[in-house]
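Attaching a single structure in structure tokens format; questions to follow.
By written order: A, B, C, D, E, F, G and H. Residues from 1 in each chain.
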């Protein structure tokens, strides 16, 4: 921007043209079309997080193209919601791809320089919640945060959770993943003092309403300070947690 | 019924008339109109539980009349959902009435002979849930069951619940009352082996949807075997629990 | 756990105290991983009911492993929501498995010692509700309760229900299974004095909303004391009913 | 309009043809403004039912004006949803008005000539449903149909309903009014062969959702042939039933 | 019933046994098991309408068995919701079956004696609503009512409807079938004086919510006296209309 | 903006400072705080429509202040959702205010220069819809468009609508206001070729769901090209219609 | 119809009066059946827009027949919601068809004479919204309006939108297409002064509720004057926009 | 508790071990009853945040008692959801109370020692959202975090938001408060790299559904990493933000 204004001062650019340039600048300069998909390389500058390819509703070709364009610039790229069929097709297109079946995630290369981040605990209520928990964990690791995985600590067996509290307290931020009645964050929220991101899952049937009840129960929790993301949104939880974990990593000693 | 059939055999009643009488018998014989309200004295014979006067949508005069007619027959009667204004008007009409303000309950006299019942624990998550919990407790006591009251053991402070487990285990049946995300029954359901009736309350705001989320969360619980009643329905929970507690009371020693 | 038992053998701990200690033991010590599924052998000690394998969302291999691990310890194990394809695959893996097609249930072996339980009536409104009714019946039998099956007594032909009342009254607890408008529990609730667990089914179309209306109608019933479980949740109804039936079985004579 | 009648007088148009012409005449010619309310005198010619004044959202002055204009032409008029305050104000404006408090209905005069109609049974589940049932009954009577009132026959005491079946069978059409789980029409629908109009009421709380569950339960009924109107819509049920009862009244003997 | 009571008077039956017999009589005597499906031959005596086989959720074998058992007694039988695959399988099992593809209906034989019924108009808004309209028409014809079919008269081209009014007025009852915003019954309700049964269809997308909006719009109609059945419930509309049309058929001349 | 850039070229402003100024400019320069309410005088430049004061949730003092500040600049200002109590308080504060009771609107002064606009027809289904219709009409007139008012043309009396079609066709744009089942726009949409804005109202009860069904029915309309605004949102409809009417006014002859 | 035209030829009717008469002519005279689908050739006379074939729920044969009949009269015809399988079948039936895969649209021929229309901007938030945006764009072009396509300007990268504002301002009307939280119309509505039609898409998951949240967010927008169509309803948006764009095209100079 | 501390004094327990023990201590030992309200002094040890008194549903006496008990121990206490009537009664009971009318908050005293926290930006879309924004701001300040208030930056005037970006970037965490379509967090989420907590408000009408649409729109946002709390839940947002801000405050330099 200063460059444009310098050109104005130098007389190389008329004020009217500069106004046009300024309005066009931020996006146009950094966007590169890959087929019909626009890649926003500028996003990381603005938000600290690069574009993460959302695989649902994209063809294998579109996903492969986007991953390649992003990795070309940043060393690594990641795609989520890559179901088994799409994963097979992707592997044929990009043999060097690493695919995580359970989490439906594909990773290409590795990003070179990432801001430091304190550890994130990904705590999961039941085995059916694992795909979402792993999505959160892998995205957090891709963004540079170490992850502590705590599985199968649903509240119907509260001792399981209490037995893992020390491990959970070792993290700077907690992601709690649960479906059905989703009571895990409420119980956890009364036991820890770290920031807590809750992810409802669509696990359950009947009155679970595909995760809407888990979502509402988390939002209505009697434990204050729980922040919630969309149903099955492991990616969103990871991005929120990493932003927090980076703040914590700037501290002189570990977060706790 | 046998009486009618005996009359037929004795020729005192024609088969056609008997058919009419049989069809009319059960209700007509025992119903007595009190103003526009019909009192079903027969109900206790069929279901083990007398008619409980639901005060909402009835005038003080109607409630007073129903209580008097029921108490005349059975020694005692109870009305629920009696709000403060109605309670004041009722007290003027029936001075000997005992009114429980918090639970919005009015009791007239005491029922003489009630089946024995094992103790019922009424467990309550927060202080805002107390009116519903007390409604359940008072109705259960009116029907003859001893009640163990456990208050303020919401899951956001799990130690409070664990500290009271022994007292809870002393009951044959448990009524768990909770609003907001209503995680209490899930946690409790994984810790005890008694029948567990869950009552969602309309406590909460925003996404709590006046208790619908608490209700759904209880129904979607990961702890199997939790049975649920309508929102704020302390009466229904008490009736369900008393039916169970009576079964337990027939055992040679106390339920646990 | 062994340590506790050693102390008992050494006389340093009374059996009663040991039982208390065992009930409190954290989950981690007694859990055994079977692939990615954790088996909670401790659950039966705490809640009186062993882990029941929920087959939906698990692979045949996971179900087979869980059944084998559970049966190894307890003599028998049961899996629910086993659809036809999964059942075929399971049979190939575990030839000695007994599969109930209609109820989508697979049973391996038989549990040796189960607490006594009084009879449970499983009452079903229509033939489309049979899969859920059978799920409830088979789980109840697996847990040790005798089951009285009453089918096709929907309220649109009320005589069918009245004709079966004596059989229903022979049980200590009733499970009523109905879809669509789910009026069966309301009618039944006014005719019997036993505990009544209602199971809504997803049978119906259009405004039935996949069972939500049946569920709500049961909860809003004008007959007090009906306790309700999640849509299609035959398992939950069975567990709730068995807990009650065990209380009744401790009585000197049969429940009724 | 006069033109048409002139042509009839002149013999240029047969009465039958004139009736056809009149039925087609646009609204504008026959409407008379009463303040800001337009009165559709033509409606009865087209639909067989005169305009019924819906009192909710109208001022006492508007209701009084509409009743007077309608009664001036037809001898009588009726207003519904007249709450107690409005009724008092109305009585001050129109002293000769007959007000039915429970049904919130005001009637002015009586319509002289009404088509014959067979009897209609208005069957009501609970005392809380009476206001809606009486609205239906009074509107049906206003439109010329004899009404058989059957109250307090909710399905939680099924004998009450069975005892009144003969009376119900004496009608040509049945209006069944019920709130909460609204099982009455389902039971009735399996016992009678007459047309059956079901009216859900907003009676209930919690999961009743102000009558939505009663409405849905009626629509999802397992008894085929039940037709349903809006929640608390006694007027609509009466109009539907009267249209049917008029068809029946044209028969050589009473409908049954 | 009188027969049983006569036996009591004759001493051939003890009162106690008679009580048992009476309770068992109505249903047990007339039910015949066909596989797991119970056929209620008694239903037509009670409700005027025989059992109609609901094909959804039944196997071709079950449907074939039920149709055969019903037709054996009554001459003819009908099954609804028979999708193309099921229809093919059915035709293989019952070659003499008549299948109506669009309406998804299968008819076996023809019922000999049916009560007379006045004509029913089946009025349909759009071509996508035709399957439901035809289901209603064919069931009405099966039950003995002549049907007048009026198609494609949606309100977005109001002239189409006005042009067919005379034909519609020739019927004693009207069934109006519409999806999306379902305005047809409102417009029709202001133009005719016959009973009007509205059937919402699941036609539409997005905010149509699979027919829920069409249903609600019909119930909320500003035209009084419209009675509504469940979404896509052509059968229910036909049964309701036939009950009305039979009343009309008893009149000395045709209904209009 | 050019002014800032000119200063840069003249050296009177450093590029860095200019960047700051540019970012701050658009809003800061034209906003004037009136108590805690910010007035956005810039809005009309951007969107062609000045700020319209939404009275709900504002105190009379806040409304008066906002009206005065807006009128000071533009000659006139308008506030909506001014209920009777607020209107009385407002009149005390601003005696020269013109208040429209039915439409709950207050107007201060008159705006001097407004872009020309073609006529808008405001068509209203029932008298209960009039407040919303008048809100739309008065806001449209305030913004400079002539309004043609067509009232009480609900579809239950289709002749009323057909009789007014010529008047409606005289407008360039149509606003159709309706509650309950809201069929008016569908019928109108098939009869005219102008842009059509539909406004659902909260008129109705029970299943009307406070206007949600009217809204959904309009959106699901079978007549293509109907655009819809929020429930009771007369203001939004007026703004949308005026934007269109201004386009039409630029034409050499009247829109039709 | 011929009769009217004969009268015109005979001079008994002026062309203007004949046009009026033709507009009133009932549908039946001008409709031509194509199989079971009725084609409404009259629609364009009334509404300015010809019938657009909605392909969902129609067979390829029905679509082909409708397109041919419409094109025969008007030169061109268009079908929407033609999914890939249907498109392949259609191409086999009508080789000269132009199919747009992304937009699921098939066009046959080209309409000869269409009213002039000003340019329409179709603005799209994300790449997943493109199918709906293209449906709108192609239908608008089919109806004769030039279209300006602006893609991938979602608000999470606000600079992208600001950079394209000049292009957007070049249109007379704007169609804004967005899914998920659908914030694009709110932002746009505060930046432009043209009529703005918003189209919610079903893009999103979990709490997005298949586009219902996008729809509601658009309707609840804080920017006044946004008019909304059904979810994924590109056709409706195009028809609404074209009606507006035709008004604008009658102006002496371009719309802005 | 004293026992633990005695052991520390005696050197039998290291302070670190004692801290662990204290964190595990059951609730019962440290709770003190104040009337019927239990105060959980232990909560701050476990969760870092003291009990905040939720005023809704509590009497002024209960609020006053709770504030006094909490302030006695910690120096200061805060109550939320204190409406004007309750505030007046509270002031009479506790004259030294500081009441914030707009935010409905009452503060007693000031907490002495609070952990350091980095600045929090509270960003608010419209003036109607201010009460919730102030609730968040005051609670955050009570817990020790400096607050940057940014008001009236709704997206319908995007320049207002862009002009305040530098101020927003000065905070370590952002709380974004918005009602209606709630687009603010989406736009903000694409412009900043800090953790972002979104608070939906119940501001809006009609389809806003009392904040449910704002909530869902925030959760469905296309900008990843936004974490959301319950509707109008300023308290929850503050607690979540403070937990994050404390992590940031431990860093050697300011968060940005």
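Following the convention adopted for this analysis, contacts are C-beta pairs under 8 Å (C-beta built on N, C-alpha and C of every residue); 3 or more make two chains touch, one makes a residue touch a chain.
Please read all numbers here as calculations on a predicted model, not as lab measurements.
Traced through touching neighbours, the fewest hops from chain C to chain G number 2. The chain with its CA mean position farthest from that of chain B is G. The pair with more inter-chain C-beta contacts, choosing from A-C and A-B, is A-B. Centroids built from CA atoms put chain F at 54 Å from chain B. Put simply, the C-alpha centre of chain B and that of chain E have 41 angstrom between them. The centroid of the Cα atoms in chain F and the matching centroid in chain G are 25 Å apart. Averaging C-alpha coordinates per chain places the centre of chain C 60 Å away from that of chain F. Residue positions of chain C touching 2 or more other chains, listed in rising order: 43, 46, 157, 162, 189-191, 206-208, 215, 219-220, 223, 230, 233. The list of touching chain pairs reads A-B, A-C, A-F, A-G, A-H, B-C, B-D, B-E, B-H, C-D, C-E, D-E, D-F, E-F, E-G, F-G, F-H, G-H.
Considering their complex, residues 127-128, 130, 151-152, 157, 159-160, 162-164, 203, 205-208 of chain F touch chain D.
Residues 43, 46-49, 52, 118, 172, 189-197, 215, 219-220, 223-230, 233, 235-237, 239-240, 242-244, 247-248, 250-253, 255 of chain H are the ones that touch chain A when the two sit in their complex. Across the complex, chain E is touched by residues 24-28, 31, 36-38, 40, 42-43, 46, 56-58, 200, 202, 210-212, 215, 230-233 of chain G. Across the complex, chain A meets chain B through its residues 125-126, 154-158, 162, 180-183, 186-187, 189-191, 204, 206-209, 213-214, 216-223.
Interface of chain F with chain A (complex): residues 1-2, 5-6, 8-9, 11, 15-16, 18-19, 22.
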